[in-house]
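Shared between the two complexes below is chain A, which pairs with chain B and chain C, respectively.
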Partner chain A sequence: MDFFNEDHIAAAKDLLYKMADDQLIIGHRNSEWTGLGPLLEEDIAFSSMAQDKIGQSEHLYELLHQLGESDPDNVAFTRNADQFHCCHLVEWPIGEYDFSLIRHFLFDFAEAVRFDMLANSSYEDLAKIARKYRGEIKYHTMHANTWVQQLATGSDESKSRMQNALNETWNLALGIFEEGKYEDTLKTAGIFEGEAVLKRRWMDSVIPLLEKYGLNVPDESTWAPVYGGRQGFHTGHLQPLLSEMTEVYAIDPTADW
Partner chain B sequence: MKLSEENIREALYDVKDPEIPTISLVDLGIVTGISVSDTNDVNVQLTPTFAGCPALRIMEDLVADRIKIIDGVNNVTVSTNFDVQWNTNMISEVGLKALKKHGLAPPPRHDGYIELDVLSDTACPYCGSRNTTLETPFGPTLCRSMHYCKNCKQAFEGFKPVT
Partner chain C sequence: MYGNAYIDPDKAPNSLVADEDPVKLAEFEARIAAGEKIEPQDWMPKEYRKQLIRMIEQHAHSEIIGALPEGTWITRAPGFRRKLALMAKVQDEVGHAQLLYSAAETLGKSREQMINDLITGKSKYSNIFNYPAETWADSAVIAWLVDAGAIINQTTNARGSYGPYVRALERICYEESFHLKYGHDNVVHLATGTKKQREMVQAALHRWWPPLMHFFGPADKISVHSEVLMKWKVKMASNDEMRQQFLDMYVPKIWDLELTLPDPELRKDEETGRWIYTEPDWEEFKRVINGDGPCNAERLAVRRMAEEKGRWVRRAILGEKAKYVKPFA
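On to the complex of A and B.
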């Protein structure tokens, strides 16, 4: 990494950790729909997206490994909740399908924009991955968009469920864009344009769609982004998830499956 | 005898996708680099079809195993990276036919932009009819979508286009 000074490396690690942790945790949550989806097709969709997200997180952990962090399995399976950098949005239990669907919509549009921005990153190894992930995440946003549209324009019950889920999820989604201490470094190094730009572009992509489907985005005066996840402060839902996810690894770190 | 990159590529036509045994890794378009040193040390680079493809490590092993049995080959290394990012336009014409032979509708060529209507307009691999519907863009593996042919009244799978 010729172009990196120490500050750049610290900034890149911070960025990689939050992206990879978001993907690992939302991937695990998505996998909890395996066998429980409201339709067989949805069961398969959430399971496929889980596989995508967890696979994507592994390559980001691999970049962290190249920057001096422990190997991907170790990083994924041996940290406690307070060492994770995911946002609260991804760690909440799957709840009812309406919540999982709205979360999936808000999260995946943010990922789509994020990897679109990173496709031009000066950190070339990350840019290559971002260019690859864009095409995969396109299927996730198409899926989310199809179902949110159908349900938001469906029966009275489905409309009100979508609206209630959006109301409950909005502030969590704003927590995706919690800024870290390296925003300026990332910008000046050309690694990433930053969370504020990402948030603006995300709103430009999701708000018109939600409005088109007749959903009301909560009034801006009520916006209260749920922060803390990027700094290691989490809900009580994360540690039980990690304990379950790492159960086999904890019993036998050399187990192969 | 000094081996050429072409010797290696020829051999790799024998290595098939573990999940779609009719298509070679070369025709799938995932062999992105081959180099042979003066001492016949061989390095092959692969690129993943999907980041979460569980067959990545298996394909590395299959490639290494095939090259090791070429006469005169010295050390073999196989690595997977994203230096070239795979997309379905990298599947050869032979590869598209091989997918169809396996009962998968081949992905349409794309110009870097994919919407759902592209997938909805998929010809049935059994009867060729375009009177089909897209059931879901997710299937039994990450690279497949699920469709239904209203003409021959059969469900079928497609290899979905990826940018």
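On to the complex of A and C.
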């Protein structure tokens, strides 16, 4: 990383934190379906994806560690909500399966595009991770797509549930693409093309699919992206999640668990 | 005991096979005696089918209900290593339920029916999951010792006669052996860790000992029926034999960690090679099986809630015209 100047490092850290925090929190949420899914096969699928997400987050925290941050366990298990950089979308409780599924669909398509973009990053360690995990994420989008299609074209109830969940989730999903103060640095250093490009490509991939399944994407005049997460402002759901997640670790953070 | 074959000992001795074709019955019993496996399309006595459905179904229910006490600790597991391992472990258990429901379905009862019988309380599951996992150390003790008990129970049943169940069990035991390693590693870390960690695991072990002693069930009453179940290779070992095997394999390992067990009588009789212990409280066992344990109501309520919340999903993917088809194997 010797081509990095201090600005580049700060920008890379900012990017890594938001990606890793998103993955950790959505992985944690998806794991809450264990034992509670609408059918056993979905319990198992959500658990698999949760394991992938949490594994990916650990890998990204490892990169942060290489850039001088504390080790992954410490970073993940000792920060408070206001030190997290995840978007609000991932923080919400799992709710009903319709919400969890639409969240999974919107989030994972964004993740897939992000990793595709990062596969060519000048930050080679990150590019390697992106190339490695693209394969995993492909299965996540395949899963999301299959289920959204089935339920959006299934019974009257499932169609209306999918539509309502999409309406409720859309603005939260737009919050994924909240820009940070390092957008220009990331672009000029060739690390990442930026949130605006990501958002455009994401819309190009999800909107035609949703329309194909007969779902209406909310009218553009109503779009109001939910921002704040990237700057440490969160919903009231995050701190309770973190308190639960760190409950045992906090008994003695220096102990070997 | 994850699944249990049981015939009321007071039932008339010849009632089991009273209306079966004697020639077919003799052929069936000869195949089993020769070590052959019975497959779903083969002829089998009605009582054989009934006992197997009961046993496999209870086992499947135990897997999904068992996911609940441990599942609570997924969101609390300390550190990435434990969090990822516990998620994978509990996911395996749910996968076992899926395998087992499929095996039971080959005998003609649908998954939907089995789950309905579970949530209405008609069908049982392993009693041990009616106890709470109060701390992280409880989840470690469960992963080590409940899974150890399960392995003894399942490797025994894997020598049974019904093909689909035996094949499911072989795969399950393979995965369970990883769970046991995870659980053991977790308990060792706590037992050799800080004072607080050691206290946690010691307390958890004392809490879980009575339910672990109950795990294999009370001593079998010897009856004509249990002999038939043994002959048909539905029941492969007595409850006491399995309990002895468990004590023999794990008590020394627990003592090696300088942890104590809440039974002053517990010791191995070197002459007979048998373990001596205080007789477990079978009244409590019965009470808990019949619904009056610390977590029975909660476990079933959670399962019922999951079934109800997921109904619209299952309806939407099945469609109006879907009908039940029994799987082949």
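As a working rule, the second predicted complex is superposed on the first by the 253 of 257 C-alpha atoms of A that agree within 3 Å, B and C clash if a C-alpha of one lies under 4 Å from a C-alpha of the other, contacts with A are read in each partner's own complex, and residues count from 1 in each chain.
In this text, a residue touches a chain if its C-beta (ideal position, glycine included) is under 8 Å from a C-beta of that chain, and two chains touch if they have at least 3 such contacts.
Since the model is a prediction, treat every value here as computed from it, not as a measurement.
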Identify the partner contact of A:S48: answer first if only chain B is touched, second if only chain C is, both if each is, neither if none is.
both
By the touch definition at the top of the document, which applies to A:D73: first (chain B), second (chain C), both, or neither?
second
Tell me the contact category for A:H28 with respect to chain B and chain C: first, second, both or neither.
second
Comparing chain B and chain C in the superposed model, the one touching more of chain A is C
Touch check for A:Q150: first (chain B), second (chain C), both, or neither?
second
Pick one for A:Q56: touches chain B only (first), chain C only (second), both, or neither.
first
Can you list the residues of chain A that touch chain B in one structure and chain C in the other?
41, 44, 47-48, 51, 54-55, 58
Chain A-touching residues of chain C, taken from the complex the two chains share:
64, 67-68, 71, 73-80, 82-84, 87-88, 90-91, 94-95, 97-98, 101, 136, 189, 193-194, 196-197, 302, 305-306, 309-317, 319
Chain C touches which residues of chain A in the complex?
28, 31-32, 34-44, 47-48, 50-51, 54-55, 58, 72-73, 76-77, 96-97, 150-151, 154-155, 157-158, 161, 241, 244-245, 247-249, 251-252, 255-257
Sort out for me which residues of chain A touch chain B in the complex.
41, 44-45, 47-49, 51-56, 58-59, 125, 128-129, 131-136, 138-139, 142-143, 146
Chain A-touching residues of chain B, taken from the complex the two chains share:
48, 50-54, 81-83, 85-87, 114-116, 135-140, 142, 146, 160, 162-163
